Amino acid sequence: MMPPAPPRKRASLPLVLAMLALVFASFWTLGLDWSGFWSPSALSTTREFLAGFAPPEMSAPFLVKTFIATLETLAMSALGTVIAVFAGLALALIGAGRFGAAARAVVRLVMNVMRSIPELVWATILLVAAGLGPFAGMLALAFHTTGVLGRLFADSLENANLHAENTLKTNGAGALAAFVYTTLPLLLPQMMSYTLYRWENNIRAAAVLGVVGAGGLGGMLKFHLSLFQMPQAATVIIAMLLMVVLVDAASFALRRALTR
Amino acid sequence: MAAAQRHPDPAFRQRIVTGIVCLLLLWPMLVYSEFKPWILFDAQSLKSTGAFLAEFFTPAHDVEFLKMVLDQTWVTVAIATCGLALAMLGAIPATLLVTERLSISMLGTNRMRLPARALRQVVRVILILLRSVPELVWALLFVRIVGLGPTAGVIAIALTYCGMLGKVYAEILESSDAHASDSLLVNGSSRLAALLYGALPESAAELISYTVYRWECAIRGSAVMGFVGAGGLGQRMDESIKNMAGSEVSTMLIVFVLLVALADLVSTWLRKDLV
Amino acid sequence: MAATYRLDQLTVHHLATKAGGAAALHALDLVIEQGEQLALIGPSGAGKTTLLATLACAHQPTSGQFELLGVDPWALTQAERHALRSRLFLAPQTPPLPPRQRVVTTVLAARLPRWSLWHALSSLFKPAEPQAAFDALSRFGLGDKLYARVDRLSGGERQRCGLARVLLSNAESFLVDEPLSALDPTLSQLTLTALQQEAAARNATLVCSLHQVDMARANFSRIVGLRAGRIVFDAPREQVTDAMIAALYLNESMDAPMPAFHDSPARLAVGACL
């Protein structure tokens, strides 16, 4: 006779039902008008809209403008990331508990808040203090990325093997010198890896920060879209794509070189 | 010094060169990002910052406002959920097409037929394009097509995340053990069946885990998209900042940080519970 | 000459032990004069590493008297105690060398107690005293490895590298933990000789824990035997018999519970990272 089937662990049914309920409730709330989507007028509007993009604007003066905006965006992302590395490391030392448990808790909370606030929100707030232009965007990226990197560095630091550092301190070396000579070189490859990944993210973020007034390619895109100048907008989007691909490739190459 | 010359440091020259290159790169970076920290401290700036911050520290808490904020928070979550659901609808067929593991034409010959390979490449490129364009740019474009409101946000998320999910699903499936799905394909089953019975059992945990993680990211993304008019918390925050209403911004920021933390918790819990 | 160390009924507990738990070292009495060289032998888990850590001021005793260079280090302020530490040198069993660092930098780290912060940082960019590093490494047969990366060295080379730091430090007391574990007999003798010559030249105290009992008896004039946290014998080498050695190592792993592996204490009270 066939043995009875044993009970199997399934993902709890109420949980799956709850998730489906969430999906349904979402669609219901938003009341997306699907029929409007596929209506002939909507389709033709879309087709006209997309057709307006080709051919992209290729005149030399405009290309120069786009190139400069690209450099602005690159500079924003690079400088913001570099500043975040130093600030993140400083915070990570506290966040790893080297200055006591209370300081650690406070700094970890601060880092969490910093990274929960998206770059765009940081940018709109910082525009108040820094005015329009890439400076606000750079600061926004710096603040957000400090939270992210600070958290990652702090976790790495807490898990690091401190044998070499403790030995130097036992033999009389100062705390900072011992840290820089032993634990920092130990963590550096991992830290650089995190940083380069964040740069890949930041270049995309920098590209769009211009939409709220932080200059660069995003600013150009918003400007031309609002005037319905589609060919120019197309060029800007292509420039964005090229820039992202380039930074991704550079990041990959650097990461490979560092783990040699 | 004779002593130092006896043991010249082989790495010294390279370090000097690297140092100079870094300094040479730093200058244009500072120039192009208009690095003028003193702007933060000039009189005009300090005044506006001061006024903004003063209001900031007393978050708005009248009931009407709070109710509106909670409504918009739900809308944000709804945009993310709908967008991700649609993204999955697109990503799953794309994955089926793109995963070499499930290639029938590769059986036995280890080479794909040309039309099959061409199709795979086309789908791959489409996925790359979808995810390389920042979601905000998609949102900007769709706001022009379908108008202001959540629809643009949903489409933007659906497109971007379709690209991301498609790529990562394929990677997860590729890295799983080929044997089970291979045997099924060789014995004549369809691609879908091979996926469900062969590759999926092993990869299910990772696939679900990644999808839930992406849902959490989508919530952040959809909040941000409000800034270009795609609905949700972001749209109201944009208005409040333009009106320099520091207390409203402060409340919404707090709600936003809490939302992100909550989504993080739910995501961690779901991932533990489902897999 | 004043005594370097005076231990009187010293008891030391492992860091993780709860109150009332078993001690790592029980009521030790030990006096070491400046310039003496002694070998510390005993079975695994006897407490040799804990004793060396205590002598290096890295581990606070629980009770008893501990006098170092004429003062009680744990009655001093943190800064004074840290200044005292630069006069001692502890060489742990596991070489404390960051893998991707170059030998020259890691060996010169012995000078850190004497260098200002600025000097330390600039030496990272360009090593400040490559000649001194070369001389120290040559005495251990590693001169040609001056600019090699630590992770490209063999286990024995890394161990000798850690010991080369001793020569570059200013210490008046060398505390060396199992320096020969990865070395063959010829290299072992070379290494031990280099250490002892340096100690003799500076009139520094040398306390060396060893598993190789014959090396201990051949090279050191005073042998201290430790077992289960107590000193079993403390005698000049002529008086140490084979029977005493056998008794020391008898049933070595049966009673004493293996302690958690000897890593440096997690938090050294040397002040904030400033």
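Which chain is which? They are A, B and C, in the order written, and residues in each are numbered from 1.
Throughout what follows, contacts are C-beta pairs under 8 Å (C-beta built on N, C-alpha and C of every residue); 3 or more make two chains touch, one makes a residue touch a chain.
Note that the structure is predicted; figures quoted are calculated from it, not measured.
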- By Cα-centroid distance to the whole-protein Cα centroid, the innermost chain is A
- Top-ranked pair of chains - ranking by C-beta pairs in contact: A-B
- Message: For chain A versus chain C, what separation do you get between their C-alpha means, in angstrom?
- Response: 48
- Message: For chain A versus chain B, what separation do you get between their C-alpha means, in angstrom?
- Response: 8
- Whole-Å distance, C-alpha centre of chain B to that of chain C, is 52
- Item | Complex contacts: residues of chain C adjacent to chain A | 53, 56-58, 82-83, 85-90, 92, 94, 96-101, 105-106, 109-110, 112-113, 115, 117, 120-121, 124, 169, 171, 263-266, 268, 270-274
- chain B residues touching chain A in their complex are 25, 28-36, 39-40, 45, 48-49, 52, 74-75, 77-79, 81-82, 85, 129, 132-134, 136-137, 140-141, 144-146, 150-151, 154, 220, 223-224, 227-228, 234, 237-238, 241, 244, 249, 253, 256-257, 260-261, 270, 273-274
- Query: Hey, which residues of chain B end up touching chain C in the complex?
  - Reply: 3-4, 6-7, 9-12, 15
- Please name which positions on chain A make contact with chain B in the complex. 11-12, 15, 19, 22-23, 25-27, 29-30, 32-33, 37, 42, 45-46, 49, 71-72, 74-76, 78-80, 82, 112-113, 116-118, 120-121, 124-125, 128-131, 133-135, 137-138, 204-205, 207-208, 211-212, 215, 218, 221-222, 225, 237, 240-241, 244-245
- Listed in rising order, chain A residues that touch chain C in their complex are 93, 98-99, 162-164, 166-183, 185-186, 188-189
